[in-house]
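The structure that follows is given in the form of structure tokens.
Going in written order, the chains are labelled A, B and C, and every chain counts its residues from 1.
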């Protein structure tokens, strides 16, 4: 099985699929092709949340603002999974989650269980320097799949590498004793839910908190409040999420990606 | 085969696919993941129109404004098909169409051929209370598929249920003798075609009708009129549709979902 | 394998998939369903660029502003591939590329290797006259797939045809000696890159050119320039492309589809 994720929209992912299907009969599953354009951190967040629900697979990821420059191409082994994509950090949070799901939310976890390889290619011989998804990463993902997650380093153009770009989500500042936590908005989903880096257990046993100084009820479900009412909940990723029943939390709380969120109680 | 439909956008459906593929090798087919957010009626309409074209399958449907509340999860047997989703009515019009395609358009048809079951789950033990698509419905759809459409009630947590939410589309008011019919716009598709609940045979043999008092030609094809010209046609679902050749019918006729449509001749 | 491409958005493509899966177990791969509405030329361009990356397959294409009129339905054999869609030219550029990839970019190439057939249908017996994708083209694509690309003319309702709509992209006007080339914008992709019909080799060995009279650097990669800087590059299709690093080339160069582009050096 090979999953595909990118910021390409259409029809570029279809060219990647054509290339892959010329090399393997693997099942293909789209994760998303509408990640925010060239936003490596958002893609890394969603991949970390979604990929651990898959059975062992090769995950092809192309969010690649540095395409055509000298940034490397990587293949990462993570538990029974492999990831293939550009060396800009986008693979690492998901790789850590796949290698050790229990520590997925811990920004200080070591990279136990991860092995990082470089996929060598010659840009001068590549068909294009603007579409490595098709010309470099898709064939590499197919080849890794065919070689097997456990043994793809036997491929000619794969070599271990020690130095690669990492990406860590910012750690929140928690002061549980004084009843305050400061974090930030990591992503906003399509419903408008603002997902923070604050751990959901901050809300355990509370009926309400203050978010950036204003009162907000804590709810287990969006529909626990009347339509259009603001609420704070634990999202499906386990983090504190700012939401509105049948509305957009980002607008109601006045926050965007990267904005600070101070929760007090 | 398992089809998937939701209002999730991306990447949430991928998490559902991962969960399913951890339990079954079934073919997965996306119906749509961009249904209007939390609009149970629109989703129910489209599913009723599209699902009957599929061979026997399990249809996973998650348009679920009540996620995390005490609304039940359902599995419905309909002919050789099964549907899995929330107990808010969204499954029922499609289930009736699948059980008895000939009466799909008849809002008064009995529920012959449909059997409704509750999928039991413990919300306190569920991984999240905001993403039952991943944590409740996806595993249930996979399990129903593996057990078989004909025998899934053998599953431990499946039990017959008599009381469930239904959803009926409004019946039009037809006065064929005096040449008038009053209905409403059920949905607007991506082209801007306004699909009404009026039966297409009202237009048989007519060159033109009046829509909300204004003249409109009847055409078999959009391109029978010049570009930008308004027309009335029988849509692919068999209903009267307000359209514009290479334009948006909803704007040209000034109608939105739920608006009344009076056709006279 | 059957690929699907249309301007339908959702959920209409799912009805086509249901029809196909009632007739064949073929793998289905989406190319795109968000081609610009009823824009035959844009769809033809993207299909010509993407389909040659696929292994042998049947390609179902429905961008069909003439649906329900007397335009014919076609099946085209192109090398080891087949294409099925409306007789409006949309299939031909891709068919030529599939039959003879080496001349894909040559607008004057003969139709060597292409055989064109009409798929006969009776519009009066078709379920709808507004959704031939579901009622005419999807069953035809499934039947062509089952009969085999090499022998589908054995099907009852398939007949060779000599007269069919073609579509040729405009040829650029190149004056290499005097350092000037005049072309036009063929499409704009989702990133905002404006793809022209000018051959990429015009840029070989140059550091900069003038585009419509204004200076623009030539770069191998978007990221060779600072964010928001304009550049000219050779796109993944081999043509001259007007772009901006992490921005929209169409806006920065002030061009839309069909606009003239004069490159001088």
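Going forward, a contact is a pair of C-beta atoms (placed from the backbone, for glycine too) under 8 Å apart; a residue touches a chain by one contact, two chains touch by 3 or more.
No experiment lies behind these values; they were computed from the predicted model shown.
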item: Cα superposition angle of chain A on its copy chain C, in degrees to the nearest 5; value: 120
item: Interface residue identity across copies chain B, chain C - same or different by half; value: different
item: Rounded Å distance between chain B and chain C, as computed from the means of their C-alpha atoms; value: 32
item: Shared interface positions of chain B, touching two or more other chains; value: none
item: Chain C contact footprint on chain B (complex, rising order); value: 1, 3, 5, 27, 29-35, 46, 49-55, 189-191, 220-224, 233-236, 238, 241, 246
item: For the chain B and chain A complex, residues of the former touching the latter; value: 8-12, 14-15, 17-19, 21-22, 28, 37-38, 65-69, 123, 127-131, 134-135
